[in-house]
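You will see subunit A twice below: alongside subunit B first, and alongside subunit C after that.
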Partner chain A sequence: MADKKKDTATKKASKKDATPKATLPPSGFRVAVREILRSKSALTALIIIILILLLTFGGSLFLNRAQITEMNIVDAYYGWGQGGHLLGTDDGGRDILKLLIMGGRNSIMIGISVTVITEIVGLVVGLVSGYYGGVVDAIIMRIVDFIQILPQMPIIIVLTTVIPNYNAVTLVFLIAMFGWTPTARYYRSFILSQRDRDYVLASKTSGSSNFQIMFREVLPNITSMIIIDVVLTIAGNIGIETSLSFLGYGLPTTTPSLGTLIGFANDPVNVINRPWLWLPATILLLVISLSINYVGRALQRAGDARQREN
Partner chain B sequence: MAKEIIQIKDLKVYYPIRSGFWNRITDYVRAVDGVNFSINEGETYGLIGESGSGKSTTGKAIVGVEKVTGGQIMYKGLDVTKASNRKKLDYNKDVQMIFQDSMSSLNPRKRIEDIIAEPIRNFENLTTDQERDRVQDLLDIVGMPSDAIYKYPHEFSGGQRQRIGVARAVATNPKLIVADEPTSALDLSVQAQVLNFMKHIQQQYNIAYLFISHDLGVVKHMSENLAIMHRGRLVELGSREEIYKHPIHIYTKRLLSAIPQVDVEHREEHKKHREQVEKEFEENQGKWYDKDGRVYPLQQVAPKHWVALPEDMAQEAELEEREEKESD
Partner chain C sequence: MWKTILRRLLIMIPQLIILSLLVFLLAKMMPGDPFSGSINPNTDPKQIEALRRAAGLYDPWYVQYFRWVGNLFHGDLGTSYIQHVPVTSLIADRANNTFWLSLLTTILTYSIAIPLGITAGRHQDQWQDTGVQIFNYITLATPGFVFYILGLWLFGFTLGWFPISGSVSANASGFWGVLGSRLYHMIFPAILYALIATTGTVQYLRTGIVDNKVEDYVRTARSKGVPENVVFHKHILRNSLLPIAAFLGNTITGLLSGSMIIESVFSYPGMGKLFLDSISQRDYTTLTALILIFGILTLIGNLLSDIIMSIIDPRIRIQ
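The block that comes next holds the complex of A and B.
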């Protein structure tokens, strides 16, 4: 009875708008957008992120790396706004603003590259581990445990000194080598909560292979978790690159990055007398991290709401 | 005599219980512990028991999505507990399942078209147009409007979703469908509707159902043969006549007394009867279950009637039943 009523109701509704329209259950992406638009702080953060991306990536298009890293001792240590350098110059007479733009782009690129690798590896490993469970899961998780207890920073530092031809790409791989483990663990937990749902069993009885079930059936159900993790991991990875460069084990000094700029603060004289060297980069890093985190948290709230609905 | 389509022989499904520092297996949950029965072509076979008695596990083992610990499931002469045999037979083309929770059994991120077409794509070679026609036909059979194919599961009511589940299950013209409490999550009125569609489809395509339920009332008008399950074992098995008219095991009697009665006049009597059965069930555990609380092996007490009893009681029961029938 109740069903019939609903039936006629839907018929009436579909008559009104003749084109059949399907509404996807609020997808990860749409919930994310809605949640960000609803929260003022998240929206502000998103706008800031977009501005920073425009500034660094757009600005870098007009810059030439060889030119801005060129030594010009005559112009060394200009202060704020001196000699036409808005943020002054460093010991080699290089313009800090230009270094900041290109360095910001490099740091963000490295953060994104590391994230792409760790997300893909972590997602596949987490999927396989959580979906198959049992022995496969036990073995994979012990490997993950092992990698996680290794002291990440010292090992990366040692490797940076022994690897010949050390550059941005090698740095990305070094960071990614450790970065996939928490991601794998994170996705595994969501897969575990999905794999006993009846739709997985129904797919099995429908003759789909495990591979198809993992990637075609289960994966779309955790998209919002993926969005959240990608956003938060990018912020974390920018941080790792920056701290390595700050310690002098990150990118070579010929490649500008936020870390190398902040690294000027290693010298006490610079800290006190030449704040233009390190302060802008520090602020930029802080703003990027905070903004990304604000957006990430908003997404997380949206994700939690979805979890509750399920 | 109808032809048997599937035989379940001494089926066992144990789940390990892990504990202690080394997380070693210390014991097992005997979810299904030595179950035997056969289903005939085109019949509805009822599998009844309270929640936790191992019905779903039995059903999942039969469709091949649960790893079995022991025993055999014979289909077309092959033991389909082995994945290789299932593959050889395209087993799931013939044996499908309808799930209890219609929400969780439909992938929320897929359109109805893709959900129903999934088994067709995997088991049959159809062109896109043929496939769409087939999906439309199936929706038609379960009384769903044709624009449903563009929609997602959350846009439907529970009864409608369950009908979509039925449509998916019959998509490949199966011979046997395991229906795991297909209506227990639905309103009474909607229940009847879904059951009617299921019956209708059965008659049209000669499908056998293993109809799982916790309610003897629901299956009364559905199934020719029944098995009553408790603690992973069968306590009573037989034709509908035998089970409803001459129940022997106290657990069966208890399930029967739990069927809600509409009869207002005899309400008091029913209540008394129910309490009496409950009391006997509580007090006579030792009589109906062995010293470990395990269900006894089945003994035949009539041509179409088996009951789990110790041997001496079985002969008694057989005599009693014969007398009872003579007096009928």
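The block that comes next holds the complex of A and C.
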């Protein structure tokens, strides 16, 4: 029996060597890339995202954070293009363009960091809950239900004010604390539909451990779902961080964020007389959100089409 | 069905208890107490200590917790540290404002979303559908506050069509005058808010119609010779509206959590604005009370969703 298994395994391996990739089904990642390249508008959105990433992350390399956030009241409230500042300056004489680059990078970084945590936690919890089912599932789902009914924003805001040594990392964890629940739910529902499939049963009868089935058999089958969820979750998390910063309870004031810049619009005087303070950040955030979501939706449609084919 | 509702109500009890424990824990994490607000250079620290002891601030946590819960049942949410008035009186007025804004938003949301969803589903893959999909994608992808600010800037400041802050104008008089002024202040935030809130409903309705169109019962109805109009309204639409009805509770919950941002942008004196004002003044009693209220309202919203669902869809009832 064992020999036979080994035999087929080597056979499979040699086959793979003979005709590389041709016999393998396309991976989730390659399907995603193909799907984006096929649609012109999705490709445009992707190019916009890459350009923004280059501008914010590349631009930040040449900027010195301490220097940018330094106050210089004499230069306060320069308008568009005045005093060598392309997008003017804020109340502390800081260059808006530089703040925009740093802020954009920070907001995107927070979005990505939160997503990394929530995806890992959500994936593991979803896999375990959906795969085992029964009591484990019931307990986990009650916890998820409970977290989802908590008033998320008010609790995060209160915690930001009472936690000592509050910083960007704390903010990431605070957002992630609530963010993993929809992800876990999303994966769980899919795993539930997979656990009685033939390939899982086949793996089980051939003696794979539950751990192996979950991570080696089921996980590769949901890569395209993971990619879709990651893309859309990043956009969502950027939205949460900027909303919090906009209200004044997101990133600490010394760390620039798109939300903080848009927060200038909380003052009616700025809204009418100093649009350079908040309008560029608003537009940048809008473009980021629209293009990331567009790519996500294009991937989602691709995923749907594949499910219909099956 | 009653069994399902009863069971659902029973589930709410532990949820309420955990929620109250959590809020209590959060309250204990907040610095300050009712007496720190009244400290000034002339007060005797010993006297303050005595007051604190008398108020039971040094009791074990569970004694304090049960006293707090007991007070809640008597409608006593505590006294504001900053304003020195009962929190209930602070909240009551604001809750009223938020309630009307949410109600108007809910009405607008459904009156925008349902026609859009029906149009998209009915004319699947035609230009009407594409239009609705683009609208839906924009409202889904745009962060709410960006949408509100651009709207406020364009229609409030630049064009001057709508008031930019407050809930009622100071010189409005008479019943109709006040009502008109209130509506005038509410309508613009409510429209913007409703546009953002339509996404889920439009999407669900469209998908529902598209999926139901090809179901066997629709084919049966058609082959029986039922007129196309009746097939659509009595068969397809009815079934597609089920998830929307169930979504109602969640919509209400969503409105509450978003109320903070919309009220902040439009300086609308509701509960969300009160929350933000309280946190900037470090008024922790009010904050605790507000979080508890937000939590309970969310619980009720979910309960409502589940009950509506069990009424309209017998499949999910518990045996």
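As a working rule, the second predicted complex is superposed on the first by the 287 of 310 C-alpha atoms of A that agree within 3 Å, B and C clash if a C-alpha of one lies under 4 Å from a C-alpha of the other, contacts with A are read in each partner's own complex, and residues count from 1 in each chain.
Here, contacts are C-beta pairs under 8 Å (C-beta built on N, C-alpha and C of every residue); 3 or more make two chains touch, one makes a residue touch a chain.
Computed from a predicted structure; not experimentally measured.
Chemist: Considering only touches as defined above, state whether A:221 meets subunit B (first), subunit C (second), both or neither.
Modeler: The answer is first: A:221 touches subunit B but not subunit C.
Chemist: May I ask you to decide whether A:154 touches subunit B, subunit C, both, or neither, giving the answer as first, second, both or neither?
Modeler: In the superposed model, A:154 contacts subunit C only, not subunit B.
Chemist: Considering only touches as defined above, state whether A:164 meets subunit B (first), subunit C (second), both or neither.
Modeler: In the superposition, A:164 touches no partner, neither subunit B nor subunit C.
Chemist: Regarding the shared-chain residue A:285, is it in contact with subunit B (first), subunit C (second), both, or neither?
Modeler: Touch partner of A:285: subunit C, not subunit B.
Chemist: By residue count, is subunit A touched more by subunit B or by subunit C?
Modeler: Answer, by number of touched residues of subunit A: C.
Chemist: With the two structures laid over each other on chain A, which partner does A:202 touch: subunit B (first), subunit C (second), both, or neither?
Modeler: first
Chemist: Contact-wise, after the overlay, does A:239 reach subunit B, subunit C, both or neither (first, second, both, neither)?
Modeler: In the superposition, A:239 contacts subunit C only.
Chemist: Can you list the residues of subunit A that meet both subunit B and subunit C?
Modeler: No residue sits in both footprints.
Chemist: What does subunit A use to touch subunit C in their complex?
Modeler: 146, 149-155, 157-159, 161-162, 235, 238-239, 242-243, 246-249, 262, 265-266, 268, 271-272, 275, 278, 282, 285-286, 289-290, 292-294, 297
Chemist: Write out the stretch or stretches of subunit A touching subunit B in their complex.
Modeler: Within the complex, subunit A touches subunit B at residues 1-3, 6-7, 10-11, 14, 20-25, 27, 197-199, 201-208, 217, 220-221, 310.
Chemist: Considering the complex alone, what residue numbers of subunit C touch subunit A?
Modeler: Residues 15, 18-19, 22, 26, 29-31, 137-138, 140-146, 149-150, 152-153, 157, 164-165, 253, 256-257, 260-261, 264-265, 275-276, 279-280, 282, 287, 290-291, 294-295, 298-299, 302.
Chemist: Going by the contact rule set out above, which residues of subunit B touch subunit A in the complex?
Modeler: On the subunit B side, the touching residues are 60, 63-65, 90, 92-93, 95-97, 99-101, 104-111, 118-119, 122-123, 145, 147, 150-155, 157, 159-160, 165, 168, 187, 189-190, 193.
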